[in-house]
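To keep things simple, chains are lettered A, B, C and D as they appear, and every chain counts its residues starting from 1.
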Amino acid sequence: MTSLDVLAEGRGEYLKVDPDGFRDWVRENKSRALVPKLMSEKEAVEKLVSDGDYLWYECNYLQRGPASLIREMIRQKKKDLWVGAKFTWVTAALLVGGGCVSKLDVGFFLFGPTVEQAIREGRVTAYEYSNVVMTNRIMAGAMGLPFMPVRSFGGTDGFTHSGAKLINDPYTGEPITIVPALNPDVALIHVHQADVFGNARIFGTGISHQEAAMASKKVIVSTEEIIETDEIRRDPGRTTIPYYVVDAVVHAPFGAYPGEMQGHYTSDVPHVIEIVASTLRGLIPQYLDKYVYGVSSQAEMLDKLVGANRLKEIQGRATIKEGYRA
Amino acid sequence: MTSLDVLAEGRGEYLKVDPDGFRDWVRENKSRALVPKLMSEKEAVEKLVSDGDYLWYECNYLQRGPASLIREMIRQKKKDLWVGAKFTWVTAALLVGGGCVSKLDVGFFLFGPTVEQAIREGRVTAYEYSNVVMTNRIMAGAMGLPFMPVRSFGGTDGFTHSGAKLINDPYTGEPITIVPALNPDVALIHVHQADVFGNARIFGTGISHQEAAMASKKVIVSTEEIIETDEIRRDPGRTTIPYYVVDAVVHAPFGAYPGEMQGHYTSDVPHVIEIVASTLRGLIPQYLDKYVYGVSSQAEMLDKLVGANRLKEIQGRATIKEGYRA
Amino acid sequence: MSEKASYFNEREHQICTVARMIEDARTYWVAGGGSPMASILLATKLYAPNAIYVTEDGVLAPEPALPLDPLMTMVASRSSYRALQWGTMNTIGFHAQIGLMDYGILNTLQVDPYGNINSTALGDYEGEHRRFGGPGGADSIAALCWHTILMTDQQARKFVPRVDFISSPGYLDGSEGARERVGLPRGTGPWRVVTPWAVFDYEDRHLRLSGVSPFVTIDQVLAEMSFKPRMAKKVETLETPTEDELALLRTELDQRGQITDVGKPVVLQDDGTYAFVEEQKEKGDLPSSW
Amino acid sequence: MSEKASYFNEREHQICTVARMIEDARTYWVAGGGSPMASILLATKLYAPNAIYVTEDGVLAPEPALPLDPLMTMVASRSSYRALQWGTMNTIGFHAQIGLMDYGILNTLQVDPYGNINSTALGDYEGEHRRFGGPGGADSIAALCWHTILMTDQQARKFVPRVDFISSPGYLDGSEGARERVGLPRGTGPWRVVTPWAVFDYEDRHLRLSGVSPFVTIDQVLAEMSFKPRMAKKVETLETPTEDELALLRTELDQRGQITDVGKPVVLQDDGTYAFVEEQKEKGDLPSSW
């Protein structure tokens, strides 16, 4: 029996790696039947997001993300979340500002007083990764593996504050970094189209939506449009996420607002400026008071705070349609 | 410094694992410019397949495979190939029958006297994997990694005759199998559409075409149709293979013949019966005399041995078009 | 269930037996295009409309254009028709690896008391042997699905004390935790072996005879095994095919008998017993493994 | 090349300097949407029509709808327009991991003599510090591209002897093989650092001053560094922007000055020398990191 050396290891806490436990979860909880899963943001978040969950979202509050679900989560005052904060812009700040977060696995977030202060005061603990290392981790989770080798991340101080390890590759004898797989408790994914069972389509680029759907114990899909399953069956090559990993389908027109949904609407620039400025200037509480706590739902926010004219305007500005339809 | 145990390892030879060497190859040999790469089967195989190469093909001689390229390779009497023989049906027998092969990494092949005898007589050495373990290996190669963990393969006798290792997972402490990444010397991939630079589209299911394209040092794409790059740019979500890993584009109508090309033509049943029977009955040499050595090119085979009527018939039987167009 | 058929062959009987095992709203990873595919299709048509199947080339839940004629192959438009998703071998393998596949259905060459499967070589792999095609997708199916259903023939050369080569894992040496010790996922393993003559389940990871077809005796079954399996307290008599099942099988699923022609015909006699008869249709040119 | 501009700002100058470094028919992984993106777009319009760029969200070789207005974000239809392939962060990361990306272009907070990059924290990470956003995609760009071009400002607090936190790797401790010893791909590393005032390359993995803008002196540059870099035998005087470059930058690439408004204006004086001037347009509301 030969031995492999572990040359170095990060000392960051990481979500327990348990591929067999994840398999057991999938076995027990993922319905194989085609059952309708339509529900509101409120119901989906109540039912599927628990305090203490590891939360993953695809894209973010400003870039084709599940913005209506993120607002609902803050509205429901979810607590003690561990957030996969890759490619996240203002989303981490919103969640921290809402008091929802206790841990962050950092890829990138738009820095500002809210998160900075929470970390400094020890209310939130940060573990350090990069965007791609985080998507590699969730890919390992989606593949049912305990870890994944990566060719980046070695030598950084992030490594030291992470769950990564440096080992001698048993094939080449050279050092190689491995990172722990990630199987979040819950993933939020906003899509262009889905049927009521959760077969979903995303058009355009993305971060790791397919991986997130496969890797997560509970998956909430919000969608601009509900389409017939027959339409899914007519072009199976366009299916991004298969129904049997999806736990809830939320019909959420303008679900990515204030971000852009390619092919449907552009971002709402004044709103984006407002939230970015709020983040940079420590005004997240005021933002939340207005857009989250001040209304009871996505529909109410769109109706009272955005208005039909603005929605029509951002739809009208989405003039590029190529590639965003099946 | 802690240690990890290697609990068991296969004793099969495996293609040297060298991710840095592969990177160097990619750096030096993959053109980043959009340069036309159109050439004939003959030219592509002459230029890009060398004796001693590790050969990978996607799908196989009977199932949307690069059949015209495989025939050309046999016609040019390539020697000493190491073949990634997953999901292969008669292809391994054809290549072995043509005297092209010295090693096989086996996933599955249609057994018959030709390969059986070659292995028994030691002309061909087999190493044992499974279809999925082979596609996992090439995926690791496509990701630039030295190895990939898998949850299958442990405990089999295939493991013993492979390059796999059983290690203690440094995250869970549980045993886990790892398999060596694969970066073939050359991959043959038949696609529905490609532009002259190699941006290619495959419709329908497949084995590991994207991975094969990314993982291989030299990539020959044969295509039913040549399309404009503008068409690629109008629907970038349909691009299966990006140009910058492709070394040759062969315009090969009926390139998958006698297999089916979904949406274009069905398989030619009498021909399939002929080649399957040849494989099972040890009549590969006779088959090759007729269809490979007896003609000088794909065009000549189609013209003299298949004929316009049969081609028209198999096109006509391809009545299902849904999902096979952009 | 419709009327029992008075004439069928043993392969048809085997397929119908597996079809009746299919649970509704469960996922099946089906190997190749022969008996396993016929079984799941029969089930979805008659008993388990919400059973879902996937194939090695990444088809998820198709509504195939039947018959899968004349070549029952994967990577084809008829077999992929109206799927919910088209993926690849890698994607479907990962779906199984995270635990989404409840059952696998497989064919094989040789099986042993622990459900290990050989499809690689008969004889001494290191010396004199006859070579076969390798595991294909079966290793992954046997490793990653929660349960596996194995379909094979009742022949002494197929049921052996130790397979000559473990191509796809069963319970390995039969000891508790043997699969887990080599990295296979927890809680998986062989579930049923179905031959034209018998059904086996497992007791403490050992093959156990649990049912016998009415046209053979237990002793006939045991005579076609090179080891003695465990025996269920009560070995049941298996149901034979119904007219509905056979009609579907013959008219939609296997019109040319590419799958079923390899079985011996059985008749229901006037006294209510079954007997083999000799006559048999001419075989087709295509191998039965398609 | 067109006439030299007589009025530009130092940020515009920096972007043009990088644009002129872009090699035709090479691949660039571009971080974010600010100066790096403006540089590559300028280059493809004027000097390197076949330079290819990719972004972190998986866009390969787009022909973006310009201007990327008003938010220069990824995952947007204008920035993804007419790409050759739409992938994901994982796919583009793997393209870089197999060696397909010749160059990366990055922004940062702090850099040290070995090209290590800090975008995580200023101060003592374990104690008193100011927190920033983390590496984002920069760690992968710095690790996986063959060469990296870093864009930052010429400020003493940005050029430090040892970065407070290595978010993305340069040559680490500067010793030979340091990157390889921690698993990074062979033959990669920092290539240039470009500020509005200067260009640096590397000699034996140590930062070396190789060029200075004509509107500052070498001493001014060195005064804005907290360590002394190596010095090229001959420190070149950098070219200033041309009218064509600025026209493109101002009318197509950065209409609202979201990127370039943060630079000080420079004028070409009658005696042929350059000088800073104080006036500056009003800044926009959007952060320059977009």
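A few points about this structure:
In the analysis below, a contact is a pair of C-beta atoms (placed from the backbone, for glycine too) under 8 Å apart; a residue touches a chain by one contact, two chains touch by 3 or more.
Values in this document were obtained by computation on a predicted structure and should not be read as measured data.
Comparing the CA-atom centres of all chains against that of subunit C, the greatest distance is found for D. Chain pairs A-D and B-D differ in how many C-beta pairs they share in contact, with the greater number at A-D. Between the Cα centres of subunit B and subunit C there is a gap of 29 Å. Note: centroid distance subunit A to subunit C, computed from Cα atoms, is 41 Å. In subunit C, the residues touching two or more other chains are 59, 80, 82-83, 86, 97, 185.
Touching of two or more other chains is recorded for residues 19-20, 144-145, 150-151, 174, 176, 204, 234, 236-237, 322-323 of subunit B.
Taken as a graph of touching chains, this assembly has some other topology, since it is neither a line, a ring, a star nor fully connected.
Taken pair by pair, the chains that touch are A-B, A-C, A-D, B-C, B-D.
By the touch criterion given at the top, residues 24-27, 50, 52, 59-60, 63, 80, 82-86, 94-95, 97-100, 102, 146, 185-187 of subunit D touch subunit B in their complex.
On subunit A, the positions that touch subunit D within their shared complex are 8, 59, 62-64, 85, 87, 106-111, 115-116, 119-120, 126, 128-133, 135-136, 139, 150-159, 161, 166, 174-177, 204-211, 260, 262-263, 266-267, 269, 272-273, 276-277, 280, 318, 320, 322-324. By the touch rule above, subunit B contacts subunit A in their complex via residues 1-7, 9, 17-20, 144-151, 165, 167, 169-172, 174, 176, 178, 180-181, 203-204, 234-238, 322-323. Residues 55-59, 65, 70-71, 73-78, 80-83, 86-90, 93, 97, 120, 125, 129-140, 142-144, 165-169, 172, 178-185, 285-287, 289 of subunit D touch subunit A in their complex.
Subunit B makes touch with subunit D in their complex at residues 19-20, 22-27, 30-34, 142-145, 199, 214-215, 229, 232-234, 236-237, 239, 242-245.
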